[in-house]
């Protein structure tokens, strides 16, 4: 009797364990090419319709999962969980290290004929071997003409005492330190500890003015902040939400360059559905497909043919209405100096309370 | 597994294996081994892209000794303590109120307490933000009634973080206290009253001591999670109000210093062990086991 | 007449004494329900994202049930499946473990007791990362299975602690009595032990379900490529602003759960009535047996 009880209990446990683990198994790929595609990327960054159309056209089931931070994808790629995914989104700043570390599959561009559409100015020769740019973001300053106490024309305006309690900002060491370095007249991708330390002092003043990091568009629309360091796509969302009462304007920078960042797709080493990944990359670089995708995701786009095919509304979006589009800088891979950045970024975050 | 090798009182080890076996196995596989690994990692060197280089180093512990970290730790302990005290002050009478109701009503009241927790905590935190934001109902009401003439920034302040923490952890304080109050025998309380004790005296001398295991359990279930949380502090604090949980999370996220994150976690373990040790000086450990 | 009046006055006093208590309870409940109501309200918000209130609309509900946003539905399904499986595993292991750890002395028991505190104690992120590393070394495929293991790891300790707290000296007396009366271990376990700790089992199940369905961090770290839970989805959407269809979904969930609770309650009541009748019968039998024994 006792034995029966135990057998019963053990059986139950085993059954649950099996159902639990069995649920985790995903369908195996058929002979005639992969039937599924696992993508890891930002949420709300590709239109549902685009995905649905791709699934309809190719019969490949797309599984999307989402990151919360650029570090997530780097963590996944470097920790070897990469083979869970067939496509991972990352940004230009990490490319060099990811390539050198051997975490990526080399691309065969002949399988992505539509990649012709991408402006080569935004796609270095080395990167062409390993990634396909998806969308890009200007990181600039936007303020509310009516509520912001001062007119902002350079980064140094952001640390003026008048801006206390007015500022919202995106977060991340490699988004914040470059603007400080520029404000101080240094290379935005500096590897010098002394310069980064100075930038840290600058950012302490910046930090004192910031109300909150992240959710910038929410906070500017609901009136918590009156100026923000943010992405162009988020600005487009905020401006659209304010509709006819839009009082937001892109800060007319004269001298300081703004950051242009790219979100790229890479194929992690050992991906299981390479053919599906190629199919997707070719699909998403198609001019018409991307133009349609831009309606819901109004970010800047390195795909020239898609921009040409995009809606009037997209091309006339006030979020892209600024004169200094050529005055840009890129986030470069700083190699081991990332530890210096992280150290001071951590210090900045910890000092906040004082 | 090693645990199950022990000898039961009698000769028959089957019930012991069947009952204590699964939990022991689970805890060893998914708690002991991973935790040992985390302690191990805390003595290693950080990799450039997160992860770990297996070179022994005390760097993380040296970083932790810096004064700014000490401030954060003290601040976090303070907020966790405030949350716990608030949860006890509100939770105990509330648990008492429920426990004194007839069982059917009590179970309905407990259910009523749990229902909001089936909506996602992020959605509830988001709702607090909507209520308190600059053009939200609270500010609008105060503006319209001329209590203020300029909106107040409630969100992204320590106060709202505390509100978020309290409303999030209160049920975890109420439930154990409710269980222990509910177990109280009514005759004991009646005897106390019969012997001439006022309700206040009964509460202090009888009810509180007898329900102490429940109270201590409530402290554990609120203080420690409040000390380690980061989602609430992140959302309501706007990434500016940082506590130890946020620092640890950042080590595994944006800052990518796993060994430091591991070392800070070890610190939390030590703090907790200390708490339980202090408890053991005041009360029997068996009482704590009943938690 | 005077006595009746006195009684009446006493009742009135009693009722007056209860008023502050009722107000207090109402306040506590409102602190839980106001955010829920606001959350529901914003499911009727006529805006693309819930930055602030823009006007009333019901359009999000038809949109939700057109299943266009299949990410949302899929993650909800995963959340529910995970929560149910986690609850069942946690309660089974919790009941066995709670009893086992209470009843038996064995080498390493102190250690296991200590280990039970660890998942409650360490920040979730640490538990998550430590398990992630272990899973990767062991070659586990990340997915529903790993999330279930992750959730169980912090639900089991709660279950064990709650159930251990339920077992008192009375239970052992009862168990001994049951064995003395000729019941075997299994019968005792099912007919005496389980019913006597039923409230504990219920609250353990409650807590496990709640913890699992609300968990963000462990799900986030241990989710595989294709399966993420609803909270993980909400966390990533929150970065750009919650969309009202998520509010609509959460609203529907609350309504379904309340409905489920009511059904459960009714079933419970029917069950209780039957139980009470059976208990009365068995009491009768015990009394008869005792009488017989005394006579003998």
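By written order: A, B and C. Residues from 1 in each chain.
Keep in mind that, in the parts below, contacts are C-beta pairs under 8 Å (C-beta built on N, C-alpha and C of every residue); 3 or more make two chains touch, one makes a residue touch a chain.
Note that the structure is predicted; figures quoted are calculated from it, not measured.
Student: So, comparing each chain's Cα centre against the centre of all protein Cα atoms, which one is closest?
Tutor: B
Student: When A-C is set beside B-C, which has more C-beta pairs in contact?
Tutor: Comparing A-C with B-C, the pair joined by more C-beta contacts is B-C.
Student: Would you kindly tell me how far, in whole Å, the mean C-alpha position of chain B lies from that of chain A?
Tutor: The mean C-alpha positions of chain A and chain B differ by 34 Å.
Student: Roughly how far is chain A from chain C, centre to centre by C-alpha average, rounded to an integer in Å?
Tutor: Taking the average C-alpha coordinate of chain A and of chain C, the gap between them is 37 Å.
Student: Taking each chain's centre as the mean of its CA atoms, how far is chain B from chain C in angstrom?
Tutor: Here the centre of chain C sits 17 Å away from the centre of chain B.
Student: Got the chain C residues that touch at least 2 other chains?
Tutor: 52, 92-93, 96, 149, 185, 235, 238
Student: Mind pulling the residue numbers of chain B that touch at least two other chains?
Tutor: 15, 18, 22, 133, 135-136, 252
Student: Scan chain A for residues touching two or more other chains and write them down.
Tutor: Where chain A meets two or more other chains at a single residue, that happens at 2, 5, 9, 13, 68, 79, 214-215, 222.
Student: Could you pull out which chain A residues touch chain B in their complex?
Tutor: Interface residues on the chain A side: 2-3, 5-6, 9-10, 13, 68-72, 74-75, 78-79, 94, 97, 101, 165, 171-173, 207, 210-215, 222-224, 335-336, 338-339, 342, 345-347, 349-354.
Student: Spell out the part of chain C that touches chain B in their complex, as residue ranges.
Tutor: Interface residues on the chain C side: 21, 24-25, 28-29, 31-36, 38-39, 42, 50, 52-53, 92-94, 96-97, 99-101, 103-109, 111-113, 115-127, 129-131, 133-134, 149, 152-153, 156-157, 160-162, 164-166, 168, 185, 199-200, 203, 206-207, 210, 213-214, 216-217, 230-231, 234-235, 238, 242, 246-247, 250, 253-254, 257-258, 261, 265.
Student: Mind pulling up the chain C residues that touch chain A in the complex?
Tutor: Counting only chain C, the residues touching chain A are 47-49, 51-52, 68-71, 81, 85, 88-89, 92-93, 96, 136, 141-146, 148-149, 184-186, 189, 220, 223-228, 232-233, 235-241.
Student: Which positions of chain A touch chain C when the two form their complex?
Tutor: 1-2, 4-5, 9, 12-13, 16-17, 19-26, 36, 38-40, 42-44, 48, 63-68, 79-81, 84-85, 214-215, 217-218, 221-222, 234, 237-238, 240-241
Student: In their complex, what parts of chain B are in touch with chain A?
Tutor: Residues of chain B touching chain A: 14-15, 17-18, 22, 46-51, 68-69, 71-72, 75, 133-136, 151, 153, 155-156, 237-242, 246-247, 250, 252-257.
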